[in-house]
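Shared between the two complexes below is chain A, which pairs with chain B and chain C, respectively.
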Partner chain A sequence: MADVSVKKGLTKGVIKLTVLLGISFLFLFVLGKLLPTPTEDGYRVFPLIGSRVWVWIIAQLHLNFAAFVLGVPIFAVSMEFLSWRRSDERLDRIAYDFTKLFTLAYTITAAVGTLLLISLPVLYPKFMDHMMKILGPTWWLYIVVMYVEVMVCYYYYYSWHKMKDNKGTHVAIGGLLNIMGVIMLLITSAWVGYMTTPAGVSETGELLSRWKAIKTHMWIPLSIHRLCANVVFGAGIAASYAAYRFIVAETDEDRAYYDWMGYTSAMISIGFSLILPGVGYLLGVEIYSFNEQMGIQLMGGFFAWLWVMQAILIGAILMFVNYYLWISLNKMPGGERYFKYVKYLFVTMLLGYAVWLTPHSVALSLDEARKMGTYHPVLGNLGVMAAKNTAVVITYLATFLSFAIFKMSNKEAVVSWAKLGNALRGLIVIGSTVIVLILGVYSYMVSSAVRVKILSPIQFGVFFLAIVALFILDAKMFKGAKILGEPRWGKMPERSQYALIGITVTFTWLMGMMGYMRSGGRQYWHVYGIMQDTSPDAFLPTHGFASVVTSILTVIFFALMGLLFYGIMKLEKKGGQGGAKA
Partner chain B sequence: MQKIYPIIAIIGLVISISSVFKKSPFFNFVGLQILIYGLLKSADYIMPALPAQVILMYMAMSVFSFIIYFSIQEETFKAFLEPMRSLFADDNKKFLRLIIAFIALPLFAGYLTYAKVKPTYDPPVSARIVHPEPPSQMDFKGKTMNVLGLENPLRKDTANFAKNVEEGKKIYYQNCFFCHGDDLDGKGHIADAFNPVPLPFRGTDTIAQLPESFVFWRVAKGWRGLPAGSGPWNSSMPSFEDFLTEEEVWQVIMFIYESTGNKPRSWE
Partner chain C sequence: MKGGAIKLFVLVVGINIFFAYIGLYFLPQSQSLPPKTIKIEKGIAQDELIAAGETILFGKGQCMVCHPMKPESGMRAPAIATIGADMVKAAKERNIPIENYVFEGLVNPAEYIQKGFENMMPPVHKAPTSLTEGELIAVSAYLQSKGANITINYPDSVPILQDEIKKETKKGGNG
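Up next, the complex of A and B:
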C-alpha cells in the first residue's frame, strides 16, 4: 500500500493552506496598490460581468464545496463508528471512501475560498471594513479553526490505515473534526446572520455589543438549517460519486460495491431531508420575528414564484427517490412480488406531486382572469398551506413505504402472527393517511395560527409516529425471517444511477436559488437597515437572471466535482486501493 | 372548440386501454398523456377553465412521472423503447421514417413557429404579485403609521361591534360594491372593465390570508402604495385615504370580514 506518512500528509496540508492564504494576502496587497482607488462610496467594479455576479458565483461555489466538506464527515465518521462497533469491513471501506472524497475536496474548497477572500475586500472595501469593525475577532478565530480543521482532517485521513488497531482513538479524531466543522459553520453563519438580521449595532453602524452582533435572529436557525442541508447535500454528492463509479466500473465486484455505496448515501440524504422542512420553518419564524416585511417579501411577495419552483423541484427529487427504490426491487430476490404495490404508490405520489406544485397565484392572460378571477375557485384551494402540508406528509409516507417495501422484499416472515402483522401494517398506513387527510381538510376551517401551530405539527407528528410504528412492527415481524436471497448488489440498470445524479444536480440548483432568495431578502442593503448598498448592482435581479446565474454555477460546480472524481480514480490506479496522495 | 376536448380524452383512453391488451407500454404512455390533457382541458364543464400555466405544469409533471413509471421494470422499459428503436432501425420502417423526417417533423416545427408568430391582440400574460410586501411605515393624511403590527382599534370596543359593522356596511355599499360586488365576490357592476380584476373577499385566498394591518394599508393607499412587482400602473383600486377617515376604513374592514365569515390572519 502506497500510504503517504501521516506527518508528510499533515505538513502538506498546512503548507497548502498557508500558501493559499499567503497568496491571497499578497494579491490583496498588490491589487490594492495597482487598482484604481475605489469609488467615493466604496466600490471597485469587476470587469465585464460586474462585481455582483462575480462574487455571487464565487461565493456560491465556495458554499457548495464547504457544505460538502462539512456535511460528509458527519456521516463518514458515523459509519466508521458503526464499522468499529460491528467490526464490519465494508462499512470501514465506505467510511474511508467518504473521507477520501472530502479530504481531497479541501484543496478546491480552499482555492475557491481564496478567490472569495481576495475578491471581497478588493471589490467591496467599505463593506468589508464595516464587517471587520463589527465582527473582526471572529474572522481571526475562523483562520485558527480553519488550520486546526485542516490538520485534523488530514490527520484523520492519512492515519486511517495506520490506526487500524486503534479505531476508538481514530473515531474520536473524527469526532473532533466534526466539532471543528460545526464551529466553522457557526462562525460563517454569524456573518450572514448579521448581514440579514443585524443586531448589536447603533443605527449608524457603530458597534454596541459584539456578542449581540453574533447572536442575531438568524444565527442559530440558519446554522441548523445549513447543518442538515449539508448532510443532505454531502450525501447526495457521495451518491452521485458512487453512481458515476458504478457507471464506469469494470468489474462486477466494483459495481456491487458502488451500487451499495450509492444506495447508502442516497438513504442518508433522504433521511436527513425529512427534517429540513421543520428546520426551514424555524428559520422562517425567526425572519418574521426580526422583520415582518422581510418575512412577507420572502414568503409571499417578490419571491413567491421561487416557492412554486421549489415545489416543482422537490417533487421531482421525491419522484426520483421513489423511482430509485422501485427500480431497486429488481435486484431483490422476491422483489417481483411487490411490483403490484408500486402502482398504488405511484398514483399516490403523482396526486401528491400535483397538489404540491399547484401554485396559489398563477400567471394569467386577460381572458383567463376575466373568466375565473384572480384565483381559481378549485385550484386556489390546492394552492394554500393546508393542502401543501397534507400533500407533503402523504408523499413522505409513500416514500417511506417504498423504502420499507424494498427492505422487506427479500424476506418472508415466519412469525406465527405474520397475517395479523400484515393487517396491522395496512391499518397503520391507511389509518395515518386518513388522519392526515382529515386534519388537512379541517385546517381549512381554522385560523392560520391554529393551523400553523397546532394542526401542521400534528400532521408531521402522525407521520413520524407512523414510520416509527412501521419500523418497530417490521423489525419484530421479520426477526429471524426466511431470507429469499441476498440483494444482488450491482444488478441495477444504469438509468437508476442517473436518477441519483439527477437528485443531486436538482438539489444543487435548488440550493443556489434559495441562496439567491436569502440574499435578496436584504434588498438594497449590505447590512439590512444599517449599511446601504449604493453600488450599481443595488437592485434585485429578475428571477430569470438569477436562474441563469445559478445554472451556470451549477455547471461549474459539477465540472469541478468531475475533476475531483477523476483525480481520485487516477490516484487509485496509481497507488492501489489505499493510494492516498493528495 | 372546447367540445372536442372530451373527445380527445376519450381517444386517449381508448389508445391507452387497447395498448394494455397489445402490451405496448409506449402507446399506453401516449394514450395516458392524451387522456390527461383532454381531461384537464375539459375541466371547464364543472369549473372555470384551468389556466394555461397550470395545464403546462401538470403536463410536464405527468410526462416526467410516467416515463419514470414505465422504466421501473426491465421488460416494460424495453417494450417501451421498442417502437422508437424499430422506427430508427428496422428495414421495413424505412417509409415511415421518411414520412416522419421529411413531413411530420417539418410540419410540426412549422406549426410551432406559426403559433409563436401569429399576431394576437391579447395583452401579455401577467405574473402579478397579488399580495406584495407592505412598507414598514406609511403616511395617512399626514399622520405617520407603522403598518406592521398595526391593530384595529375598533376591535377592542366590543360593545359597539354590531354598530361598527353596520357603519362599515354603509361605507361598503357607498364606495366599494361597484367593483367588489354586491355579494363581496369580486363581481361588481363595473368589475369587468378592469385588469387586474377586483378581488373577491369570500373564499380563503384574499383577506383570509391577510392581517388587518395589511388590509388597512391596501384600502388606504390603493394602487398608489403597490410596489413595482404588483404593477401599480394597472390596478384600479382607489386610495381611500382621500375619501374616508381612519375610523371609516377600519369599519369597512370589519364589515368585509364579518359578512364573509373570514377571520383576519394573526400570528398568535
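Up next, the complex of A and C:
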C-alpha cells in the first residue's frame, strides 16, 4: 500500500471488488448446479452448525465491518476539515490514521459480504427469490453504489499526500464518500425494514408498490439509529486501535500521540452514544405504530431478559467510560481538585444502573405469565419505562458531568462572574435532575400513550438542553481561563487503555445482541406476517445459546481486527505512505 | 509488543466468556417455538372447546402479551378473569347480540374500544396471528366462560363469525 499512485490504488480497488463479485456469482452458479435441490419449502441445510447460525455469524460480522467502514469516514473527514481550517498537523495525522484503518477494512468487509452474498441465495433460495421480486432493483443499485463508494474511498486515501495543498477539494471528496456511505446504509436498512415492518405488498406477498415496500415504518428510524451507532462503533474501534498502539508503543512521543488519539476517539464514540437512546426510542415508536404486539413482544415478552442484558452491557460501557475519565484526571494539572466528586458520581451511576437492570415482565414465556402473573408486585414498579427512562437519563447526565469535570480540570475561570457561573452550573445539574425525576414520577400516573409520546421525549429533551446549556456556559466561563498546565498526554497507566478496549468489546457484543433481537422480533417469519419461516430453525433459541453465538462472533471480529492492526503496523515498518508519521 | 498483544487477546476473550457466562447462567433458558394450529372438530364438546380456547389464548393467539389475567394498574388491555361478564354488559349497552360482540372484538376490534383503553388490538384472523375459524370460536367460548353464559359453539356459530369478518373486510381489510 505504501507509495502507491492514485491511479494504481483505484485500479486495485476496482479489481478487488470485481474479483469478489465474480467469485460470488461463480460460486452461486456452481453451487446451484452441484448441491441437491432445496427442500419443498425452499431451504438447504448448512453442515454441522445449521443454516441459521452460519448466516447469523456471517451477517453480523459483515454488519460489524460495514458499521466500521461507514462510521469512521464521518469523523475522519470531520477531523480533516478541522485540521484544514486550523492548520493543525496533529488533527491531520489522526484523520489520516482513521482513513488508513477504514480503507484497509474495506477489503475484509467486502470478503465477508461475498460470503453472505453466496450463503443467502444458496441456503434460503425461496426467501431470496421473494426479496428479489419485491426489492430487486435496490440490490442492483447497491452494487453500483458499492463500486462508486470503493472508488471514492480509494481515491480519498491514495490522494491524501498528493492533495495536501488542495485540502478543500480533498475534504469535499471525503464528504462525497460519506454521502455514498449513507446511500448504502439507506438501501440495506430498506431490506431489513421490509422484512420486519413490511408494506407495499398484498397478504400473499404480491408486490403492490415498490416505493411503499422501501419506505416502511422502520426504514428511516433504523437508518438514523444505525448511522449514529456506526459512528459510535467506528470511533470505538479507532480508540481500541489507539489503545493497542499505546500499549505497544516504544517511545514517549508515540505514547503521547496514541493517548490523545484514544481519548479523542473514545469521546467521539461516547458523545454520539448520547444520541442513541433517543433515536432508539424513535425506532421503538415506529415498531409500536406498525404493530403493538411486535413492540410489546420485543420490549417485554420473550426478549424481556435480554433488555436486562442490554442494561448490563450499557452500564458496563458507561462504567468503563467513567473509570477512564476519572483516571484521566491524574494527567491533568489541577485534576486532583475534582477527585472528591468522583464518589458522588459513582453512587449516582450505581443507583441508576440498579433501576435500569430491573426487569418489568419477568415471565419468560406466556406459560410462565399464566403461572406467576405478568409483573413482579414490587420490582415491577421499577421495571417500567417510567423508572427506566429516568434512570437512563440521570446515568447519562452523570457521565456527561465526568466528561465536563475532566475537560475543565486543568483550568481556572478568570471571568468576573465565575462564582455566579459555578452556581449556575450547579443549578443546571440539580435542576435538570429534579425535572427528570418529577417527570418520571408523573409518568406513572398517565396513559402509556402520554408517557411514550410526550413525557419520555421531554425527559430526553431536558437532558440535551442541560448538556447544551452546560457546554455553552463552560465555553463562556472558561474563555481565556488560567491554564494550570497542559494535559500530560501519554502519562496514563496501562489499565486505562484496557478500559478503552473494554468499551469497544462490550459495544460490539451489544451490537450483536441487539441485531439478534431486532431479527428475532419477527419470530417465525422471514417477512413479518407475509412469508413464514418453515425451516427447522424457525424458533427463537435460548438466551444462553444466543449469548454464546454473540461471543463467538465478537471474538472472530476482534481476531480479524487484530490482523488489520497488525497489517497496518507491518506497513508502517516498511515506511512510506502507510507510516503513522507520514 | 508480543506481551501487549497477548494481554489484549486475553482481555477480549475474557470479556466475551464473561458475557456468554451471564447469558448461560444468569438469564432464564427457554426457547420460543412457533405455535401449532389446533384443529377444532365438528360437534366438539363445550368443555373441550373451552380448553382449546385457553390453550390458544396462551399460545398461538399471544393474547397474554397485552391482556393480564387479573386487573392490574396500567394494564394495556382488559383483564381476562372478568371479560365474559364485561362483554355482556358492553353488548347490552350497544344493543347488539353477545355473539356478534365477542367475534367483533376478535376480528374487527377497532370498531369499538372500551373506555380507558387504546386502539391497539390487531384483527387476529389475519397474519401474523392467523387464527382459523375453529380457533376463533374456541377463544370466544373461553372468553365467555369468564363470567357469562356460553352461547358460542362450533360449528353453529360460524355464520355469525363470518358476518363479522365480512364487516371488517368491507371496512377496508382484505378479509
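Operating definition for what follows: the second predicted complex is superposed on the first by the 555 of 582 C-alpha atoms of A that agree within 3 Å, B and C clash if a C-alpha of one lies under 4 Å from a C-alpha of the other, contacts with A are read in each partner's own complex, and residues count from 1 in each chain.
As a working rule, a residue touches a chain if its C-beta (ideal position, glycine included) is under 8 Å from a C-beta of that chain, and two chains touch if they have at least 3 such contacts.
The shown structure was predicted, so the numbers you read here are calculated from the model rather than taken from an experiment.
Of the two partner chains, neither chain B nor chain C is touched by A:L437. When the two complexes are overlaid on their common chain A, residue A:L31 makes contact with neither chain B nor chain C.
Of the two partner chains placed around the shared chain by superposition, chain B and chain C are both touched by A:S447. Touch criterion met: A:S547 reaches chain C, while chain B stays clear of it.
In the superposed pair of complexes, A:L176 makes contact with neither chain B nor chain C.
By the document's definition of touching, both partners, chain B and chain C, reach A:Q297. In the superposed model, A:I312 makes contact with both chain B and chain C. Of the two partner chains placed by superposition, only chain C is touched by A:T506; chain B is not. By the touch criterion defined above, A:M349 lies against chain B but remains apart from chain C after alignment on the C-alpha atoms of chain A.
Contacts of chain A with chain B, set against its contacts with chain C after fitting on chain A, overlap at residues 291-293, 296-297, 300-302, 305, 312, 364-367, 369-370, 373-375, 384, 444, 447-449.
Chain A contributes residues 202-203, 244, 247-248, 291-293, 296-297, 300-302, 305-306, 308-309, 312-313, 364-367, 369-370, 373-375, 384, 444, 447-449, 498, 501-502, 505-506, 509, 523-525, 528-530, 533, 538-544, 546-548, 550-552, 554-555, 558, 562 to its touches with chain C in the complex. Contacts from chain C toward chain A in the complex involve residues 1, 4-5, 7-9, 11-13, 15-17, 19-20, 22-25, 27-34, 58-59, 62, 64-66, 68-70, 72, 74, 76, 118, 120-122, 126-129, 174. Taken together, the chain B residues at the contact with chain A in this complex read 47-54, 57-58, 61-62, 64-65, 68-69, 71-74, 77, 122-123, 125-136, 148-149, 186, 192, 195-197, 199-200, 203-206, 209, 227, 229, 263, 265-268. Taken in their complex, chain A has these residues touching chain B: 288, 291-294, 296-297, 300-302, 304-305, 312, 315-316, 319-320, 323, 326-327, 329-330, 339, 342, 346, 349-350, 353-354, 357-381, 383-384, 444, 447-449, 493, 495.
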